[in-house]
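Chain nomenclature is as follows: A, B, C and D, assigned in order of appearance, with residue numbering initiated at 1 for each chain independently.
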Amino acid sequence: MNAHPWLEIHRTVRFSDTDAAGVMHFQNLLGWCHQAWEQSLEQFGIPVGVVFPGGRSDQPSVALPIVHCHADFRAPMHVGDAIVIELQPKRIDPSCFEVMSSFRLSEQEIASGCLRHVAIDAGSRRRCLTPEPIDRWIEASNLGQIQPL
Amino acid sequence: MNAHPWLEIHRTVRFSDTDAAGVMHFQNLLGWCHQAWEQSLEQFGIPVGVVFPGGRSDQPSVALPIVHCHADFRAPMHVGDAIVIELQPKRIDPSCFEVMSSFRLSEQEIASGCLRHVAIDAGSRRRCLTPEPIDRWIEASNLGQIQPL
Amino acid sequence: MNAHPWLEIHRTVRFSDTDAAGVMHFQNLLGWCHQAWEQSLEQFGIPVGVVFPGGRSDQPSVALPIVHCHADFRAPMHVGDAIVIELQPKRIDPSCFEVMSSFRLSEQEIASGCLRHVAIDAGSRRRCLTPEPIDRWIEASNLGQIQPL
Amino acid sequence: MNAHPWLEIHRTVRFSDTDAAGVMHFQNLLGWCHQAWEQSLEQFGIPVGVVFPGGRSDQPSVALPIVHCHADFRAPMHVGDAIVIELQPKRIDPSCFEVMSSFRLSEQEIASGCLRHVAIDAGSRRRCLTPEPIDRWIEASNLGQIQPL
């Protein structure tokens, strides 16, 4: 269980999430991972336009492209399922981090997904430090977690 | 302003909603219309699995395919925009209804969309009456609205 | 039947196009309309990066946001259906045009969609003339068509 | 280079594939993997309705849910990029296989993705043998490949 409310996102499976097999289409889970991360940043207090292009404020000078993602599917998700998404960020190095999303239905983990981002200067496209708001979110997320010795 | 809380949905534009023009991709607005409708039914008290295929309960015997949709776009939607969606259902005939969605940002209507459904028997694919829960939702939605004399 | 090969696009319904009702999800048809238009421009000889943002060349100075769209659905589309899309552009005024897409399966029209675009200066967002390549595509498309007297 | 034409798929990045960063949205690559696989089966001669639900023929008795996927992104994909997708299936065990997709632009690999499927009986949802058409496709794909000794 996560100590921080801003790392817990609630979302319901919609009809458009499904495919003709009658359950959530695998690809949409990856979309949920990114959208849950955006919502978590907002709940933590970071305006998403500071982090992502396409907002109404000045466009961010650092981009955070995904260089790797993976997901595991343990049980199908159905229309109307009320899913709890638990986010767990992980610092990889000063320009790289991952966000793991765990999807639970009635306390059972039914899927998980992971997105790995690198920070690059939006102009030169060279690697750079992750933006300060992201640093704060990662650090705050790890506070109060039980760490291995 | 709508008299019924179950007709008002709040949603924030996410990064995946945008395209390379930096604003919400037109097609996603149609998706929002349907998803807002599903959420409205839930808020009204109708389990979505009763209405849509793909749920965990028995599959519904009546399908509600969309036979027509349209949308108008007045201003762009940006990442992080907190949108209020106001739904307005309209009975067309005993087997047909429309749901109009109005999208507002800071009290300004920036887009609207409309989905027209017909009820068909899921087996025979012949037209039939709209399901009872949909009838209730449409009727309750129209209660208390100012009607033309 | 259309006189111009660049106005005819072939596409097969994929699993991800479907929803739990077992047929193509309505929203995807609108996406097909835009994608078919892009493909038509390419087949006509216009590099899409000249028209749409996000290409590898200089970003276009004119944007073509959609201000209205509509679609009609006459019969369901199934996984594996080989669809023929016939495009028909229509000039509305010097800064506005529509592209109608007709979807046929085995010579039967099963759906149609229409996207209306306005040309705006990407910087000032004021209305302007449609870009010259679009003008050429519209004009060439209408050549050889039987016109009402 | 792949020996079999049915394992090579050509596809162009469309406007709807992009996000406000101006390049292909990561999630869509996973969609491309599955769609390329469907196209490869078709090119090989397998009607997709035999394999996937939602077709016009009898619904298949075996489902092939994805239990794991991953993707790596090496360079951005832009609107109009003409991508070559090379598929490489891999048998894991009698009820499990993977399809790796390699995305190349001008001979450079810019991304790759992998989908792992298990075969389950669509009724009981128990693991079963992969369907015979899938077996044939996997076996034919591996013929003529240089194998490690």
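Note that a residue touches a chain if its C-beta (ideal position, glycine included) is under 8 Å from a C-beta of that chain, and two chains touch if they have at least 3 such contacts.
Please read all numbers here as calculations on a predicted model, not as lab measurements.
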item	value
Greatest separation from subunit C - chain, by CA centre	A
Which of B-D and A-D has more C-beta contact pairs	A-D
Distance from subunit D to subunit C - Cα centre to Cα centre, in angstrom	27
Intercentroid distance (Cα basis), subunit D paired with subunit A, Å	25
Chain centre separation (subunit B, subunit D; CA means) in Å	34
Sequence positions of subunit C contacting 2 or more other chains	15-16, 18-23, 27, 31, 34, 52-54, 79
In the complex, subunit A residues that touch subunit D	19-23, 26-27, 30-31, 34, 52-54, 63, 65-74, 76, 115
Footprint of subunit D on subunit C - complex, ascending	12, 14-16, 18, 22-23, 31, 34-35, 38-39, 42, 47-49, 52-56, 78-81
Subunit C residues within the subunit A interface of the complex	15-16, 18-23, 25, 27, 79
